[in-house]
Amino acid sequence: MNFASDNWAGATPEVMAALGRANDGFAPAYGNDALTQRVTARFAALFEREVEVWFTATGTASNSLGLAALSRPGGLVLCSSEAHITTDEWGATEFQSGGMKLIALPQVAGKLQPQDVVDALGRYPAAGRFGTPVALSLTNATELGTVYRPADIAALTAPARAAGLAVHLDGARFGNAVVATGASPADLTWRSGVDLMSFGGTKNGCWAAEAIVVFAPDRMRDLAARRQRAGQTFSKARFVAAQFEAYLDDGNWLRWARHANAMAERLRAGLRASNRARLGWESEANEVFAVLPGTSVAAIRAAGGSLHEWPADSLPVGQRPEAGETLVRLVTSWASSADEVGRLLSML
Amino acid sequence: MNFASDNWAGATPEVMAALGRANDGFAPAYGNDALTQRVTARFAALFEREVEVWFTATGTASNSLGLAALSRPGGLVLCSSEAHITTDEWGATEFQSGGMKLIALPQVAGKLQPQDVVDALGRYPAAGRFGTPVALSLTNATELGTVYRPADIAALTAPARAAGLAVHLDGARFGNAVVATGASPADLTWRSGVDLMSFGGTKNGCWAAEAIVVFAPDRMRDLAARRQRAGQTFSKARFVAAQFEAYLDDGNWLRWARHANAMAERLRAGLRASNRARLGWESEANEVFAVLPGTSVAAIRAAGGSLHEWPADSLPVGQRPEAGETLVRLVTSWASSADEVGRLLSML
Amino acid sequence: MNFASDNWAGATPEVMAALGRANDGFAPAYGNDALTQRVTARFAALFEREVEVWFTATGTASNSLGLAALSRPGGLVLCSSEAHITTDEWGATEFQSGGMKLIALPQVAGKLQPQDVVDALGRYPAAGRFGTPVALSLTNATELGTVYRPADIAALTAPARAAGLAVHLDGARFGNAVVATGASPADLTWRSGVDLMSFGGTKNGCWAAEAIVVFAPDRMRDLAARRQRAGQTFSKARFVAAQFEAYLDDGNWLRWARHANAMAERLRAGLRASNRARLGWESEANEVFAVLPGTSVAAIRAAGGSLHEWPADSLPVGQRPEAGETLVRLVTSWASSADEVGRLLSML
Amino acid sequence: MNFASDNWAGATPEVMAALGRANDGFAPAYGNDALTQRVTARFAALFEREVEVWFTATGTASNSLGLAALSRPGGLVLCSSEAHITTDEWGATEFQSGGMKLIALPQVAGKLQPQDVVDALGRYPAAGRFGTPVALSLTNATELGTVYRPADIAALTAPARAAGLAVHLDGARFGNAVVATGASPADLTWRSGVDLMSFGGTKNGCWAAEAIVVFAPDRMRDLAARRQRAGQTFSKARFVAAQFEAYLDDGNWLRWARHANAMAERLRAGLRASNRARLGWESEANEVFAVLPGTSVAAIRAAGGSLHEWPADSLPVGQRPEAGETLVRLVTSWASSADEVGRLLSML
């Protein structure tokens, strides 16, 4: 009953096999190898256009370096109040960018609302007393398990782009968003106004496969140099490339994400039907938020299950846990089993 | 004939096997897993004392974060003029430390000399006009293929420690130094005055296995937080731990390093005997520096061989390449074969 | 009718005279002169205890360097949503501190409320996912013209200190707070739990006289070195010392602040009595916030008057300007005259 | 007998008078006042072209912010080994630029040699292993009292510009260089290839009057925002403007610099004639370097004189002080008197 995080799973057999295949002979270091070049071409095919692909070690690295490449002194980044970049990265973007400020906007179940972006652009004009907004950052799937569809994204990016901002996407769970929306990677990104993204493979079946994918290289400043200076340029880059090759082969990544999402939906269905627990809010990707009796949380843990408690203020006032209740996050992955889900639900 | 760098090789079969073994079931993220804990204990046994072990993605990350954890505003780091931290890391230490300055001291075949350290401590007093020296950084094996023995290290660290400096060791090729000197890891580090080191496994048979090993945790400031902020905290940390487990098992790392050093010695022997080429200087680890006829360099490359040209000013005036000659670096690894070495020598 | 800001006034005659007196002969640079030493002793007398005094060029410099000296990677600073450090300093604190994050808490007319500080300490535990709170920053007089009394400050600092945070005070208008509260400088600072402050003289009659006054030097890290590195160490420091000497002589600073506050009170009284304009909220120091008819704003400007419009969202929903109205800020200074105030009020 | 530094003098009567004149009434803050605008026009006239003028608090601020506005990750700044930016500013440029590295080149009596610049450009190619050179920084008058003439500057900047570098000038003692060379400000700067400079008034008769003067604004990135973020934007900017107005009026600055240079020449003449002391090297501006008997140094100090000892390694091997001798720096200013000079010389 492992529902703590999708990063508690290991790598898929396909990823392991690809690593084995890549481990043959010598190859130039720092991404100058044939496999890395081949994988870059795969990304281009996936996104139906030329892209730049820069491997990094972690999603935090991708987010902070990508945003730093957009940074200016006095720069502001608009994001949701639940955005991982502002809640979990210990000031990584602030640090890499030399002090940009993240402006946390309201969200509904993790999703930014167009009017709030418009209002923020009014409140934070370019070169105003607060500084200058330089980027809007979205996350898809969001940190709260919900997803943006292409039209949602376009509605958010249009006013931002009109005001001169670049658009960044945190895609730590991008595969889950693609599956949940049924939209193409292109429609979920550059065709809807996204300039660069953090493309995450780690949570969805790899060991450590993260990349910054750039759609608008002329908006970036010194991204390669920033990555080098940050100690994020793997010498044996083919070990990342191999993971991504297996990831993108045969639609593997979507198959894995589809499984994770399906397990999450099974959780949601069980919770909707429960009379002891309830969904915190509806989600569509592989994260489920539920209000459970504290006794159930204790019982799950006693049975060896893992899950994370979640701050109650992610729920609107009025829907927050009552005494004896706890808001929890349940995350499924490529490795979650229907059995595990069943066991958990049987305890509710 | 791959002699460009030890990071052109892949991972050893033992490392691949360990990755496979580690890929079983779920494990807590961010280093809270049992394997990471076990590997930390292995490091303690290796160094014959308690240590802190912090995985990172690259040697540049280890060096810059380790030194940043020692940093102060106006801080100075004394290092050799050939130190990787000052020649190849694009200002990583300057950046992570908020602007420390690296003071490049003279070296002889890559090795710092005690008198130069003493002189530098005189020239750069604490809180003087230049700032305050906070660390001495050594590299072993050095960037020029030479090695420090424990007494060499102690002679360098003693005056630095007396002046209040901490001592950092760049151990990107530490295994090669251990083998070349026959000294124990403990004697080459904390028993000779080293406070923390970058312990590299990548060049010697791993995919991406780097760690900051800390002997003096009370000298460090916020190392864990700095690593997190730098996007250097792998979520699936066991993939690094597994590599290090295979690395340290059965003395594998020393066996691999011994092979690399032996191949380098075979190269050196051939070069000493050559009447068309000559050694730039004697070395002991897995890097060989040689002055070759330009025609030989071209021929090697035409035959598919790889090597790097090296700045002539690493040689003393008077010994530098003459017209038609080139200084080159030849690096061997666990994957180098005697055949390859023989083929190269046959072209000289 | 200059009500744009207290930094539109020049220096007082006393300050000019002191500059003239200090301009005699040679004196050691960088604060090693007798006058600077004497002024430091004056600060100690003022605060009834030993203090460290570090001159800087601006309030932004004082705030950002003072907070940086408390910084840790992943550090958080709790402040009000109207705090100058988060609204007007273009990421100065984020930059100087290497990426600390400012957490903007709710406020009432610019004043933090104890329960909000307590709640924030619960939401942001040390070394939690958000990072580690390291400081609480207050402003007195606040950016909205209100003031904290010693008991107010103690109620805010007690929970913060209990949680290990240091307490910073932005005293850009500290003189106005001293006068408005009638409390002693000591009671408004260290006796109520403040560890360091930005002590501003510029807005209250000097040219450029700002200092970081430190009550808890053992909590600071490398403040002097940070100031040096930031280019904030004046060589001819006596020109700042001279201003502060005049400032503190004969209670001059309180006399000037008292005048400014009195002019503001006259404005407030007039606005309370007006039937065309109204106070946005009650204040006590030298800043007055008023909702004026847009036509009056235009008329004042046409008559050569200066004032700043202020974001309507500083007012609670329901009290915000209606169509045709504007929220404005009116600031008085040592140089404001009753005539000017009268002229302004006559236009309302 | 004050020869410690030109920053031990106060401000000239003309500067004090101008401050008094500027202290009349209200003026917009942050440089939006008429006087600042007028002074900017004066700078344009002085340099015979349009310029941007940004006031700062100190020379360190000007240097580090100006260079930061040219910075790139992995950037390198070529400068002399005696450059103030690398010897005395505690990593200010490294900090403000996010980690640029200063490359200290050889110099002869403080002056860079064209061949050394050419060699460095060869050793540090763009995007090479060391990073990317982005700027050449010169100082005029140099830190060792010597001066560059326009042809000297052009010979240094030509290869740097050809390689794409920008050229920065540290003009902390620019007035002394103008007087010593007899060249125009334009010929000593942009007409010889300089893109931006630190224009210092403090050492030559002001209290705190420093500015970044930009000739090539399109090479700068976000200089205004960087200055704001660094807390270097004075609110009552007219107090700097007033100093500069007096400075540039009637050629005052050149008159003051001419006096300082003349006093230095008198020192040099006396030292050339002495048989107990000798010049370290010939200089032309207001800094004189001399090798004195240690007994004379002690006697001067006993008589209340001030001077600084200087590192012996600024002299070539062979010319360094012998036992019982000390290399000292003697600095004259607008306030130095012939009497003082005579007294000092009489002690040698």
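Side notes on the structure shown:
Letters A, B, C and D mark the chains in the order given here, with residues in each chain numbered from 1 onward.
Rule of thumb we're sticking to: contacts are C-beta pairs under 8 Å (C-beta built on N, C-alpha and C of every residue); 3 or more make two chains touch, one makes a residue touch a chain.
These numbers were taken from a predicted model, which means no experiment stands behind them.
A centroid comparison over C-alpha atoms places D as the chain most distant from subunit A. Chain pairs A-C and C-D differ in how many C-beta pairs they share in contact, with the greater number at C-D. Inter-chain spacing, taken between the CA centroids of subunit A and subunit D, is 50 Å.
Each chain gets one centre point, the mean of its Cα atoms, and the points for subunit A and subunit C are 40 Å apart. Put simply, the C-alpha centre of subunit C and that of subunit D have 34 angstrom between them.
For subunit B, the set of residues that touch two or more other chains comprises 73-74, 90-92, 95, 98-99, 131, 225, 228-229. Those residues of subunit B lying in contact with subunit C across their complex are 72-74, 98-99, 127, 131-132, 221-222, 225-226, 228-229. By the touch criterion given at the top, residues 73-75, 86-88, 90-96, 98-102, 123, 129-131, 311, 313 of subunit A touch subunit C in their complex.
By the touch criterion stated above, subunit D contacts subunit C in their complex at residues 2, 4-5, 7-11, 16, 19-20, 22-29, 56-65, 89-92, 95, 202-203, 207-208, 225, 228-236, 238-239, 306, 335.
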